[in-house]
Amino acid sequence: MPGPTPVSATSSAARPRESPLALSVRALLRKRSSRIALVVLAVIVLVGILAPLIAPYDPAAQPDIVALKSQSPSLAHPFGTDPYSRDVLSRVLYGARLSLVIGILATFVSLTFGVAYGAIAGYVGGMLDAVMMRILDAFLSIPRLLLLLGVLVAWPHLSIAPLILFLGLTGWFGLSRIVRGQVLALKHAEFVTAARALGASRRRILARHLLPNLVSPIAVAATIGVGHVIVLEAGLSFLGIGVPQPLASWGNIIQDGADQVATLWWMSLFPGLFMVLTVMTLNILGEALRDVYERRS
Amino acid sequence: MAPLLSIRDLRTWFYTESGIAKAVDGVSFDVGAGETVGIVGESGCGKSVTALSILRLIQPPGRIESGSVMEFEGRNLVTLNDEEMRKVRGNRISMIFQEPMSALNPVFTVGDQVAEVARIHAGVSRRQAWDKAVETLGLTGIPAPEERAKQYPHQLSGGMRQRVLIAMALIMKPALVIADEPTTALDVTIQAQILDLLMHLQKEFGTSILMITHDLGVIAETTSRVIVMYAGEIVEQAPVDELFARPHHPYTEGLMHSMPHIGHDQARLNVIPGTVPAPTNWPKGCRFFERCPYSWDLPAHEHPPLFDVGANHISRCHLAREPQRRQDPHPPLVVQEGVDAA
Amino acid sequence: MLRYIARRLAQAAIIVAIVATITFALIHLAPGDPFSAVLDNPNVSESVRETLRAQYGLDRPLPEQFVRYVGALSRGELGWSFSHDRPVSEVLGQALPNTLLLMGVALVGSFALGILIALIQVARRGTTTDHALNGITLLFIAMPDFWLALLALLSLAYWLPIFPVGGAVDPVTHDYLSAGGRIVDRLYHLALPAMTLILLASASVARYQRAALLDVLPSDYIRTARLKGLTERQILRRHALRNALLPTITLIGLSFPALLTGAFFIERIFAWPGMGYAVVYAIGTRDYPLVVGGVMIGSIMVTLGSLAADLLYAWADPRVRNI
Amino acid sequence: MATMRYVGILCALLVCGCSTESSRGGSSGGTLAISTGGDPDVLIPNLLQTTTGAQIVDMVYDRLADIGDSLNVVNDRGFTPRLADRWTWAKDSMSIAFHLNPNAKWHDGQPVRSNDVRFTIASTKDSTLGSPAASVITNIDSVTTPDSSTAVFWFHSRSPQQFYDAVYQLPIMPEHVWKDIAPAGWRGSEAAKHPIGSGPYRFVRWIPRAAVELVADTANYRGAPKLSRLVWSIAPDFNGALTRFLTGETDFFPQLRPDDLKEVAKHKDLRTRTFRSLSYQFLQFNLRNPNDRDRPHPIFGNRELRRALTMAVDRAALVRSVYDTLAQPALGPTLRVYPTTDPNLQQIPYDPARSRQILDSLGWRVTTRDSMRTRNDRPLRFTISVPGTSQVRVQYAVLLQEQFRRVGVKAEIEKLDFPVLVEKDRKRTIDATIGQWNTQPSPGAVLGSWGIAGSRSTNGNNYGTYENPVFDANIDSALASVDLAKRKAYFTRAYQTIIQDAPAIWLAEPRQIAGYHSRLDIETLRPDSWWIHIPEWSIPADKRIARDKVPSASPAASAPAQPAGQKTP
């Protein structure tokens, strides 16, 4: 009589790391679209970082403003040249660097502001929370572009740093609402009351306990936020108040060609393509992160 | 007289990443006109999948395998095209589910949802459909059906909503109603009312009922014939009195013993040790082998067919051939995780 | 239900008050005297400058100016626009209907198109059409509004001269057309800008609606509908969509800021004489009161919009409607 | 004798059509839609500053006499009668009496009287109005009205250009419309919104940022103009205006760029015509400190540094890049077309090496990593302000930025809107700006934009505050002398002075390219104002398109119904 077949407990050899971050990254990579998006984004970021090395020409150099002006794409200039005989490919590569830097820094400003505002409102609660939320609603009711223009009208001549600051300062409202909601929800969670019971100071609780749980919503807001800023900067450049010459950002390359968009089609096509590609990949990653975050919480 | 519904060798498999789950693996039974047949078994034994297969509501990755036959009113339901199948659903065969709370569409009035069945199948005007709906709701014992019909599902109690679902199922006077755990989600007092309602309506309209439940009490009260399912196949079938008196298959026996009897002060209910094996690889021999107190070497490797064990009483157990094995029961072979094998 | 409306109205009023404070700060953020654009014009004599400053109370302390500003606001006075030599309220009042027309048409159009795309995607979920439409909607969400407007103008008004090159009416012949002709002319000019804005806004609606539909599909009442013998199309359109529309209504409320920004650029490129175009013009000419007036009215529109969306939701969802 | 020869030369040079007063009969009708990239600033003859404004005002109002295509500025040769049908010089030529045409009427039916002439001149000279035209009629003392149809101009001093000054600068405005409105209120007044003139076209309507519409004054004392309607179609910017012309929504576009010619060629029913214009472009330095007008500009205050900057710029290449072959490098604040301009005035050469030497010698050393120069750690950096809507000037700025970068000078570009730029220019709060003067037929106008008078008066156009008495003296003596050779010698000496002082980098003398619809018969496009002959333009009946067939009666909107068919004498 064959012996009974023992029930084997499912003891797997190496149990994969269970931290929320590892979990969400693995879940993220499972979707094919996220993998492609990640690869494309990595390439673009790399292009931005290595711009000085791979750009064939100096983006601001005007080699021959008569003969080489507004040349359509050719071997020497794969993306063609602009009305100042500057090489569009080099400008698009440097543009990648500047647009991404603006996007990331501005979003960083938005995140710090958003998390701080949201955490305080959520944690303190009561009247202060109500007031802060109404102020938030007011800011949310003003379209970001209008608010930005209202501010930029006051400072017509802007260099990069203040531009990044303003872009950041007008973008933190959505995130702070999410953070507040999360903090409110977690405030009464057991492990917070436990920490308080152990005499942890309020600031410590916020930093050590609440923030780690906010990683996912912050990550989602960050990826989509960078995309928003890049598009916004392009819009500002189009209205003539974005990145000043001779610096190159995707927005102001398009603006250079906007007046003769019928003839200089390559001036809007290539930077536009890069921009749409970048923003699309950022949105895909953002949405994938949001799916993972919503499914888990 | 020819049965209303006769199912031969129904096979419904699910093609999942972890292999083919053979939820229903060769089931055959009949349902006579006006008859109430019960299907009983633990959850996961395939009874609900059987019900959904009859109405061809199996969603991918599930699929009804070719070769299965479901004769109903002279037509094989398996080979009907979608158009014809739709004309059967809700019109000739309808179904009632376990969860009344979520089975009604929250944004439509109850009356509309019942009337919709009549509008689709009877092709009557909106007004006529509404009247028929109110009339059927009245039949299910809902007080003041005219006002209730104008209300929304969230304004009705669980029992009331189940009555609406029953109205919905019976408005077209179908030949067969499949009730999948109709009372499980309701509290006990309401359960009895709903069961009485079902039996009363069956007599009124002569519909046959396929009562699917894990509750032997409901089986005893409502059915004339019982099918016991385990691990995707029928393990025993008999008239209800015969089954309760002389359960033959060890699994049925185990089920009977685990029923609480009023009056017996049983400290501890008898539990059938172990769990149902994974449907992706059913054991070679008898699928109840691991949990069967009488198992011996034969059932381990030979899959038992259905034996005749009495008047209209069949059982899928080798004990039919070697009844003596029933004398020396032994502790079950499987070790229940964490529970000491009392 | 009424209590809910009252609370929401009070909230909206507070928001508008806060926006007023923000816009007041915006005016005084500007360097120098906010009215410097005209006052420093040498043609305007010093005496005129004094009267204007006094009239606007610029010589008084800030808090008093604020009270006066809010008072004027409550009376609907938004100050004086210098680039138009007319009160701001009059300039924006004239421009507002055009923006409302454009945004109204775009709102309806984008939600109709968005829902239609979502329905097609869910009806054919998993097929290549579903993936293709996913890709396209993603593309349009990522596309900057002004770039799409530029491409639309270029392709449909210049390379294929089907539509006019902007403007609300044909400046040359409009007033000489018959009443019917005038309407046709106005619609003919509205077509391209509205279509562009619809394309822009419908992408996010489609994605949002598709997700809502997919959430609803596995629910029990959909299975009940199937049991009733409804066709897949009827189930989708009648039972699934009706429930999946509820979250989409909340999306309407949230989409106003984005719609206004989109309209902003489209008015600029299609020379559509709406509020966006007036504000861009004002920015160029440093006409602060008009810019700030635009911000003010823009945010009021957004607040009222989200309020209307909330009320529509309350009415649409029976579970909320008759508390 | 000298003046006769003088006139002949001028006429030959200037493509003079000398078309005699062509009869105004012929087929009238048709609509001319002019494409423009921005609204006119104001429709008041002595306050306007934009070309679009000038176009509309010249159609609605009339001058006493027209200079004629020969653009002769000396005495009254070539001038043809308009509001004044004849005029007589006083013996001592200190005054000229103009006799008004008795049939001349304002569009509201009032007759044109001498008081209107007196009022126009007086209001322009009134400082409370602050009219930009004040600085060009300084030689007119006053106007007297011995009777209702005679206006006598009295001058401070005799000058060859007396008649030109009196007649060319200002169209005549109706006194009865304006006299009761305070000067400060003119801009916002109803009269400004519905101008009433005596010219060939009546004002119909102005919809801001959309259109301005004029309709033919069929009962005009000089006969009805051929085209029955003029519409200025106002696009948001240059690109919009160009696209509206290319798609056939408008008929005329005067600002085509060389790059656009390829596009225009693709449309079979569009024509182009190049014509000379009286304009020159330059990068103007502000010699005074923008924050404190009494102190010199830290950078541009130094003449050597300005010369170094001029040497850093390859002007010929710059002009070729922007204008291809349709412009010549400017010689100075003047035009080659003036007979008094010596074509080979000595220029500051393009010599980047020399420019670097001068900058080093001035103490501006290259220290920073990006090879920009500094002196006691102040960077050699300034801002070039340009109107955002003018594609040409933005192009200049970016090209100049790169040329300065090569010699270690950092130029930043600030795009402003046109009205704001004009404000800042006036208040002298700008480092450098790219300007363009559409100057006058008289070379003497240079005083207004580069002379001391133009620098000192509040609404003078010398925004760079360049003041060199030698320059002014030479111009004055040139204007005073009648003899051509002497006149040319004085002008040349003045030009050499200013060129060497380099208050600006002279860029280009552009020729203008106009695009027009083939159905239009257009007359000569005069350099000082291409629009002046519009009343004689026509559209043959057989080539009419939809917008021509619009009923000539004014629309249902404001303008009073015009009694049709009233025959002019």
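Each chain carries a letter (A, B, C and D) given by its place in the written order, and its residues are counted from 1.
Everything below uses one rule, namely that a residue touches a chain if its C-beta (ideal position, glycine included) is under 8 Å from a C-beta of that chain, and two chains touch if they have at least 3 such contacts.
Given the structure is predicted, the values throughout are model-derived calculations rather than measurements.
Trainee: Would you mind telling me which chain pair, B-C or C-D, is linked by more contacting C-beta pairs?
Mentor: Result of the comparison of B-C and C-D: C-D.
Trainee: With chain centres defined as mean CA positions, report which chain is farthest from chain C.
Mentor: B
Trainee: Kindly work out which chain lies most centrally, taking the average of its C-alpha atoms as its position.
Mentor: Going by the distance between chain centres and the overall C-alpha centre, it is C.
Trainee: Taking each chain's centre as the mean position of its Cα atoms, how many Å separate chain A from chain B?
Mentor: 54
Trainee: Indicate the whole-number Å distance between the mean C-alpha point of chain B and the mean C-alpha point of chain C.
Mentor: Averaging C-alpha atoms per chain gives centres 55 Å apart.
Trainee: Where the centres are mean C-alpha positions, what is the separation of chain C from chain D, in Å?
Mentor: Roughly 41 Å, centre to centre.
Trainee: Calculate how many whole Å lie between the centre of chain B and the centre of chain D, each centre taken as the average of the chain's C-alpha atoms.
Mentor: Going by mean C-alpha positions, chain B sits 95 Å from chain D.
Trainee: Specify, in ascending order, the residues of chain A that touch 2 or more different other chains.
Mentor: Residues 156, 258, 261-262.
Trainee: Quick check on chain C: which residues sit in contact with 2+ other chains?
Mentor: Answer for chain C, listing residues that touch two or more other chains: 158, 268, 286.
Trainee: Can you pull out the residues of chain B that are in contact with at least two other chains?
Mentor: none
Trainee: Residue numbers of chain A touching chain C in their complex, please.
Mentor: Chain A reaches chain C through residues 134-135, 137-147, 149-151, 153-156, 227, 231, 234-235, 238-239, 254, 258, 261-262, 268, 272, 275-277, 279-280, 282-284.
Trainee: Please output the residues of chain D touching chain C within their complex, sorted ascending.
Mentor: Its residues touching chain C are 31, 33, 128-130, 184, 187-188, 207-211, 213, 229, 231, 233-236, 240, 243-244, 246-249, 388, 417, 419-420, 423, 426-427, 458-459, 546-547, 550-551, 555-557.
Trainee: Which residues, counting only chain A, touch chain D once they are in their complex?
Mentor: Touching chain D from chain A are residues 60-62, 65-66, 69-70, 83-85, 156-157, 240-241, 244-246, 258-263.
Trainee: Which of the residues in chain C end up touching chain D in this complex?
Mentor: 37, 40-45, 48, 83-85, 153, 157-158, 161, 164-173, 175-176, 268-269, 271, 273, 277-278, 281, 284-286
Trainee: Could you pull out which chain B residues touch chain C in their complex?
Mentor: Residues of chain B touching chain C: 55, 57, 86-91, 94-95, 97, 99, 102-108, 113, 116-117, 120-121, 152, 154, 165, 168.
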